[in-house]
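Take a look at these structures.
Across the two complexes that follow, chain A remains constant while its partner is chain B and subsequently chain C.
Let's turn to the complex of A and B:
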């Protein structure tokens, strides 16, 4: 009870600061996922076309995923220096695998009968991708972005160690203060909340884009 | 084919690293041309000063200031400044950097120590070590205020007559330290305490509160001095080396952003020990963030006009 009061006291005094750190924290994670999406979605489509290459690429991406986050930040810091950009880079690397794998699986799992009938109608490769494969794979791709974003939000916390700020800053300050339990929680709770909300939101988008939901909705209105 | 792929992937990632480390992402500051990066230690004190500098510069100029916080030690701060990762250190302490970054022997006279670091930093690293902000974070002997009143204690030498009956609480490092440790203390002041307990510094305060301890060797700007109602005794024989805090800026940054020199000069001598104590107390005990404490300091002292 005392603790809840202390946390409340903390938010009362530092509200504006916490809000700016939440924004910053989310922004770092979102940038990492965004850049990863720019690279990994086209790469996933490419790999679905040339499946022979996929074992090589996936093994490289898998290795990246096994590097501990703290080690990754330390190594990147040597190359890129201190600050938020280094964290964005680390999150970019961690986001590649979920996005790439989901794009790859999403495209490959499109029913062959559909692509073939598209072919039969005289669609070009690009038309096939745009009008058949991508719409059907979209919800799976979004599911990849969702995983990447949730992982990113939790990893961004340790970005505070290399001076990137974010909610990790509040947590570290709590560990340094004399009686910092309330401060640690005051930083940890919003971190968990953004992750949960990001997950719910992306889950909602994923559901909207699922073609079965779309068909159901169309049937209902018809 | 696979080899080419691998090479391409490596090439793409290298290009990406270079682009990303050079650009500034909207909302994150980063390394844009008009951004000044200020480093701070992982203490509330250092963070507060960093935010004071940040708000002051952002109020008076069009530059934006990015704080690179949570640095582990002043050596890390020094290296970050040397390598150009940051443009400025918010707090550097004379007593730490004399043996640290400069590798020289500690000097006990504050003015002499300051003169040496200012000269050496300008010469060796082309950095400007400003005049002290006004507070020093050194070791300080503190006693409970009732005891100080009863025995009329104001200086460390005042303790001598009653030292035999007193219990001293110190942090783990100090007791066996060379140079400014307990042994050297006995030599300089010529008396010993009845008992000396090396403990985790946080526990020492609790021990004083429950009357298990009489004298605490505290850090002079620790907010808990105020919380536990302790009185600091003057180090009248200048036993501890001075740890005057100053900002340090590299000279080429001052050339790039000429306006900030005057702004930092405005802070010199403006934050005395009592003010810093109060701000540390707000941050560590009252749970205010250094960013908020800094803003209140600037508002209270009319830096924003």
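Let's turn to the complex of A and C:
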């Protein structure tokens, strides 16, 4: 009980600071995922076309994923210096695998009969991608973004060590304070909440973009 | 309309799928490619819209060499229906039907009108246009699949076993509908199938392929009556060969017209003597005016032997019969499938005219295999 009061007390006195760190934290994660999506989605589509290359690319991307987050940040810091850009870069690297893998499998799992009939009716490669493959793979691709975003939000926490700010900043303050339990929690709880909400939100989008949901929803209103 | 000129396809690894095919298909003709799997029928068809490229030789559509036409334009000008149907699940039926028109940049209202016209053709309600493929049965989906191929009004349509995945009843209905549609619209159809019944029913001409080569080309009648070689005969099947024999057309011609009968009012015990005398194990039961009533066999007789019952009380009445004027080709298979040793033949009024035994059917089968002359000794 005492603890909740203390956390509340912290928020009352540092309200605007906490809000700006939440915002900053979220932005870092979102940028990392966004940049990764810009690279990984086209790459995934490309790999689905030339799947002979996929083992090579996937093993490289897998290696990136095995690097511990702290080590990754430290190495990137050597190159890019301190600050949020380094964290965004790290999140970018971590987001590539889930997005790439989901795009790749999403495109490849489109029924061969559908691509054949698309081809047979005279769609160009681009039309086939835009009208058939992407719409059908979309919910799987979004699921990849969702995984990447949740991972990103948790990893962004340690960005505070290299001066990037974010909710990790609050947690570190707590560990440095003499009796910092309340402060640690004041940082940790919003981090978890952002992750949960991001997950729910992306899950909702994923469902909306699935064509089967579209049919169900229309039948309910009809 | 469509012409194959020395067309050959060799796959990577040297596997020759299609070997020097020459064939000309006229406008409005319905041509079925048939053969065992791996005979090159699908490959041959897919070379027409260049889903598979030819290795050698030329294919002409409307006099134009397909290799000199842009592949996308070519495909848009040829209808294409596949066995797996391949309707796009994320598009409504309307969008699916109108897709090729959309690719051809037909205005939206024209596309919608066309979709409505087309769905009327297969007598489905227009409300289906706003549904999604997943909400339709397999038969309805393939109707839409056919409509989609018709949407841009292509003169030539390629079909790859379009009814192969449907249940027999739906398949039958769709075949009838489609044949009717094809004749009304005057489309040229190239149809791949492995089902001889389907080919005979639908096609104007049948092309039989084996190992990438054409074995025989002809109308269904020509192929049934003069199969080019043993392979074709085997492929057509014995049953169809019998049924296509010109001199044997009705059940009446092959039946035994003096079956052994017993009157319905006779006592069971009396029938035993007849059975022993004639060395048979069952009897057909008739009444005073020779109306067919049922049959009685040795098992039934054995069961009622000690009781004093008349034949009509013990006989089996639920029995498969055929009319004497039925065409053989329609009933042979059903008779064989019944699994009974014989089938009573009756006339329109229900009077007993004769009996067809499995043995007499077997005789015709043997004759058609060994090609004996047509005066078959029956009985």
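Observations
Simple rule for what comes next: the second predicted complex is superposed on the first by the 217 of 222 C-alpha atoms of A that agree within 3 Å, B and C clash if a C-alpha of one lies under 4 Å from a C-alpha of the other, contacts with A are read in each partner's own complex, and residues count from 1 in each chain.
Here, a contact is a pair of C-beta atoms (placed from the backbone, for glycine too) under 8 Å apart; a residue touches a chain by one contact, two chains touch by 3 or more.
On a predicted model such as this, the values are computed, not experimentally measured, just so you know.
Shared-chain residue A:153: touches no atom of chain B or chain C.
Legend: residue contacts after superposition of the two complexes on their common chain; A:132 is shown touching chain C, with no touch to chain B. In the superposition on chain A, A:9 makes contact with chain B only, not with chain C.
By the touch criterion defined above, A:211 reaches chain C but does not reach chain B.
Comparing chain C and chain B on the residues of chain A they touch gives the larger count to B. Of the two partner chains placed by the overlay, neither chain B nor chain C lies in contact with A:97. In the superposition on chain A, contact is made by A:84 with chain B only, not with chain C. Judged by the touch definition given at the top, the superposed model places A:171 against neither chain B nor chain C. Once the two complexes are overlaid on the shared chain, A:142 sits clear of chain B and of chain C alike.
By the touch criterion given at the top, residues 49, 51, 72-77, 80, 82, 84-90, 99-100, 103, 132, 134-135, 148-149, 158 of chain C touch chain A in their complex.
Partner chain A is touched in their complex by these residues of chain B: 1-2, 5-6, 9, 12, 16-17, 20-21, 23, 25, 27-31, 37, 39, 42-44, 47, 66-71, 80, 83, 85-86, 202, 205, 224, 283-292.
Considering their complex, residues 6, 9-10, 13-14, 16-18, 23-24, 27-28, 31, 35, 39, 53, 56-57, 60, 79-86, 88-89, 92, 160-161, 163, 165, 169-170, 172-173, 176-178, 182-183 of chain A touch chain B.
For chain A in complex with chain C, the residues that touch the partner chain are 111, 113-114, 116-124, 127, 131-132, 135-136, 211-212, 214-215.
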